[in-house]
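The following pair of complexes shares a single chain, chain A, combined with chain B in the former and chain C in the latter.
And now, the complex of A and B:
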């Protein structure tokens, strides 16, 4: 984005709070009427409306998870699940409402698009307000559009893939998502098409006491490749906001997908996001994830290695400060021969923040000769912060190689003294150590996002993020 | 008339409630090279840490004047920015921060203005050649997986880049092979001019051969018990500290 130096931080950009203006905000709560009204507002085909209603039934039948962070602060009666922004979907920034455009300007989106992206989607509250992609990609048959357009224009593809990778009965918040989903991106990369520069979607939740339920559906056909970047942020309010997005990724045989995320939620946000990939023969799925902000986060991206020789890598970092409980991790299921997974998870906790790494590695009976290597490392910046590791390892075949390594550490006074003797203040010194700790993750991000992540780390260290 | 750079006056320092330094007096003028020798555990590293005001050591009495300013109670980073540098006996490892980025960042902080990238690179290449360092190591995380000798060379590289007024070298020579000692010694020569000073803490005289040492101080049990010219270092190398230890021992028995 437009920031180039690590020192160059503008602490206000994430917290720009536009007036809570919208064209339409649905009344708070969750009921059949509300779901039907969302569907009607969207002029959806009846199959999608029926799908939503079925998902609502599933939602009502499922219980809250009995493990993990306490979600009792969430009262669905206080959440508006659909907020339509006061602007129409456009492929020109000039047509986007001034306030909304300014927000994205400050977040650096149009700038990044010009410099280094093949396409951009921008969602404000519940609807995508901007979507555009380079002409060359269109010619190659690449589809990149908002989910609503996809439902209407590519119903066969959507029907085939929508909530098949992540079925509504996976857990309660996936069912909720199925009932009230809105916005998100649809990407289709045809066979053997290589998209060299990344596509990016940015999700901004401005409205208070609202939920964001964007749906991202990506299909990378055989031999094709794509790098997709997802960014998220929201300004701070005193009331609870909810994010229950869903990401479904289909990586076909010999295909390659990298999915990079920087989530930077305000600290009143419950981030209950679900992400899953199905990976085909000799295909590769890479996750890069930076999880910042939010009050509670339960985020466990998952790769299902269904094809022989399928590979996945996960590189992620979470940063929790006061009042934050980040329960993040990675899940992988090895379902075929010669599959491999490599996990490098890091967490930083500060000022009483809590980070938990919760993971699953399952190597099924048929996954002969598979490999999984998990490393998780946490850094606590003081004595009141908490870090925990809860791995589940379910290895069902004898000839698999599996390793799990967990390290928990603190910043030593000696190291701080060393850095201070080189002219750095105590804060500089801590920031450098943390930046170094996060480097394995930031080096996986495109340079603009690595800078962005370093800025977020600095903001967290200063306690400047709301 | 020589100009005072560092003055330690009657310094008493505790570590972990134990009295380590018991009245250190030391004056270093601009342009001088001083050496501190002394038995293990006598307080040499403590002295260096006290100059940089490491919070793990508490000053009970005395003061430290640097470049005409009282730095006794300044924070470590402020002291560093005034021009004091210390090469650590045991350098710290910083994962994820490359040697180059570390040096650039530290240089920025010390000079408190942005370094010019091109200039910085030229200087760095020059120093690395001088110290016979492998440029490939510059992209590696600072000191992580570096050999003992490589770490020490990294410290001297930092000294050259940061160009302090006073460089304190705490056993930089220990763990270095014969050739590396010569190389580091050349690095010190390259650094030295009539406006700065070097304080070398060491157990052997090899590193001193090619340097023009002005004073050698003997530190025993938290006190400087002898000060003389560079000849003293040779005597110590041959005879050890028994002479001083006795003196201390008897005085304690009194």
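And now, the complex of A and C:
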């Protein structure tokens, strides 16, 4: 570990800026005309245009949240909600624009695709520029495509599921998403098909003063299984960028879905993302989440355990540094008998960063014999940072077991002393403890992503300790 | 004047649809010109503890239940006492408030100061003599000066038609110790806002509380502790049981302010669900702006263990008795800390009554 103080960390590959070039960038702001123009540019069916306009009405009628981080730095008049990159969607990297391809190369996406993924989607600004999946999965009936293609080619499926799990009334930024969504992935795994190798979508926002509003819709049919990985990053600009994506997951009876995220947005990004899963009978939904980037993050993935015996697990870590306010957590609603949830949340704050764990566990009257166990731990690396834990536990039946525990503290002096007595420097000892603290999350990730997460932790620790 | 009250805001808001940021009670009668309360009985066995009636206690605590209630407390209070302890022995002051048809409304404003190196045990009992609808709006302000040692025991035994609104404000100076025991076994609604400002080093605040919810009772507890001095210590232990259609909202905030190095805060909330219709919401918050501290909280909720129940029943108890025994066992770790045997048996009798 270096002891030098670094004011603004060099986030190397993530901060590479391409020229702000595009085929089309919509004018800044949000209005009916803008929404209609986005719809027209995408050549959408009228039902989707009408849906967007309805969502815009809802957006205008809803207020900003009265809780959580201060969002006054967000001015929608300064955000361009749609930026079409200067390349067409392709299933071959050779056809992707050189600059854009180079960016994804540096992020390691094509290489990971060759080594360890069954399919990849890559979005640059508002549109997906690359999408491909292994042939054998296509033969099994798996659909993995960009959302725009899905709207046109699988309209019945999209109409049935699109923004039904996350209705536009949920909150203001979901309504915004409904009005201006663009890009994202659509995955359909047919009954009893097991997708053994993960699929991955990567979202890159290059344009400044822009928003990314990708929509991810995944349907895992009965008895099927899938591991889906989502990655995201952006270079840093001085002005605010906005990410208000939406992830809707349908995990049908006896199905299994793991949704892993490594979020590394630049530190001028407001990450106001919404993720929700509806979990069927005896199905299992697992969330693995690493949150490192963003200026402000408000992200609370949610599982609704709707089928008897449904299960969910959440394993997440947030790492906040200078100028970051990461308000993350998890929500679960137990809505059927014999359901269970297991939550393991961790956070690290340093250099004046603020981490908040905010959560909800609700066990409804009908969720007899359900169990929920929540554990959250926060580590403070200095005395200028902030760490808050705000969990809500709402139990509405006598026939359920619920427990929650949380800890806040610093790295124990005794542990550091022990490691130093084994020959380590103080800095190395502290870094090892932090990595160990994060291990429960990194071990749940595929090895390449665990390595990426450890690198991010090293990067963040550089200059912070010592 | 009947009004809908929005009460007991949390110090930090969370999502509105979690239904925990505040509580609304409908049609609460905020009386003006509250008549004199004649059901007060003070037992003071020490000359070094003074209790004086005053008109001066106009106090605006940092946190309170609602504007309407604090305004009533400042304008229309009918018991206004200034209490001072200069006793270095552990003296006891017992104030018994008996509600009845003639004494239905109590708006009490108690301003307590315990001097440097002094001690006080203050017992406040609120009980109903008959079935008349009682109204209780309390503002209790306690200042514990350097090295003081204070025990406060609050007993709520009001009948099931009464409303209890309690605002507690504490200020703890260097090395002072404040222990609260709050027993809530009464009222239709029990709404409490508790704030401790631990401004100086080595101060300590322990809270032990038990509650039972029955019928349509609403319990809303908002504990806020600000740890500011070095090596402050707080320990909150809340044990409760919910019957029938009762509802409990527990909001507990331990806020480690910058500078409270080496402070420790523990918070434990446990709720036994005795009915399928009861509801328990908990928001145990830890807020931390200081690195060198230790904060822990735990919250649990569930029904009585079937195995334990079966074991007790196999020893000849019927189900109701076995259940009662288990609830009492759960509460015993708090009741056992009380030194006064009469008080203990009074509380146990009330628990029996509630669970019958």
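Going forward, the second predicted complex is superposed on the first by the 435 of 466 C-alpha atoms of A that agree within 3 Å, B and C clash if a C-alpha of one lies under 4 Å from a C-alpha of the other, contacts with A are read in each partner's own complex, and residues count from 1 in each chain.
The rule is short, and it goes like this: contacts are C-beta pairs under 8 Å (C-beta built on N, C-alpha and C of every residue); 3 or more make two chains touch, one makes a residue touch a chain.
Here the structure is a predicted model, which means the values were calculated and not measured.
*Asks:* Could you look at A:391 and tell me whether it touches chain B, chain C, both or neither (first, second, both, neither)?
*Replies:* After superposition on chain A, A:391 lies in contact with chain C alone.
*Asks:* Report for A:439: first if it touches chain B alone, second if chain C alone, otherwise both or neither.
*Replies:* First partner only, chain B.
*Asks:* Report for A:426: first if it touches chain B alone, second if chain C alone, otherwise both or neither.
*Replies:* A:426: touches chain B, not chain C.
*Asks:* Examine A:169 and indicate which partner it touches, taking first as chain B and second as chain C; both and neither are also allowed.
*Replies:* A:169 contacts neither chain B nor chain C.
*Asks:* Can A:154 be said to touch chain B (first), chain C (second), both, or neither?
*Replies:* In the superposed model, A:154 contacts neither chain B nor chain C.
*Asks:* A:383 in the overlay: touching chain B, chain C, both, or neither? Say first, second, both or neither.
*Replies:* second
*Asks:* Going by the contact rule set out at the top, does A:415 touch chain B (first), chain C (second), both, or neither?
*Replies:* In the superposed model, A:415 contacts chain B only, not chain C.
*Asks:* Quick one: chain B or chain C, who's touching more of chain A?
*Replies:* Partner touching more chain A residues in the overlay: C.
*Asks:* Going by the contact rule set out above, which residues of chain A touch chain C in the complex?
*Replies:* Residues 65-68, 358, 360, 365, 378, 380-383, 385-410.
*Asks:* Residue numbers of chain C touching chain A in their complex, please.
*Replies:* 12-16, 18-21, 256, 258, 261, 271, 273-303
*Asks:* How about chain A: which of its residues touch chain B in the complex?
*Replies:* 412-415, 417-426, 428-429, 432-433, 435-440
*Asks:* So in the complex, which bits of chain B are touching chain A?
*Replies:* 49, 52, 54-56, 75-77, 80-81, 85-86, 88, 91-92, 94-97, 102, 105-106, 109-110, 141, 158, 162
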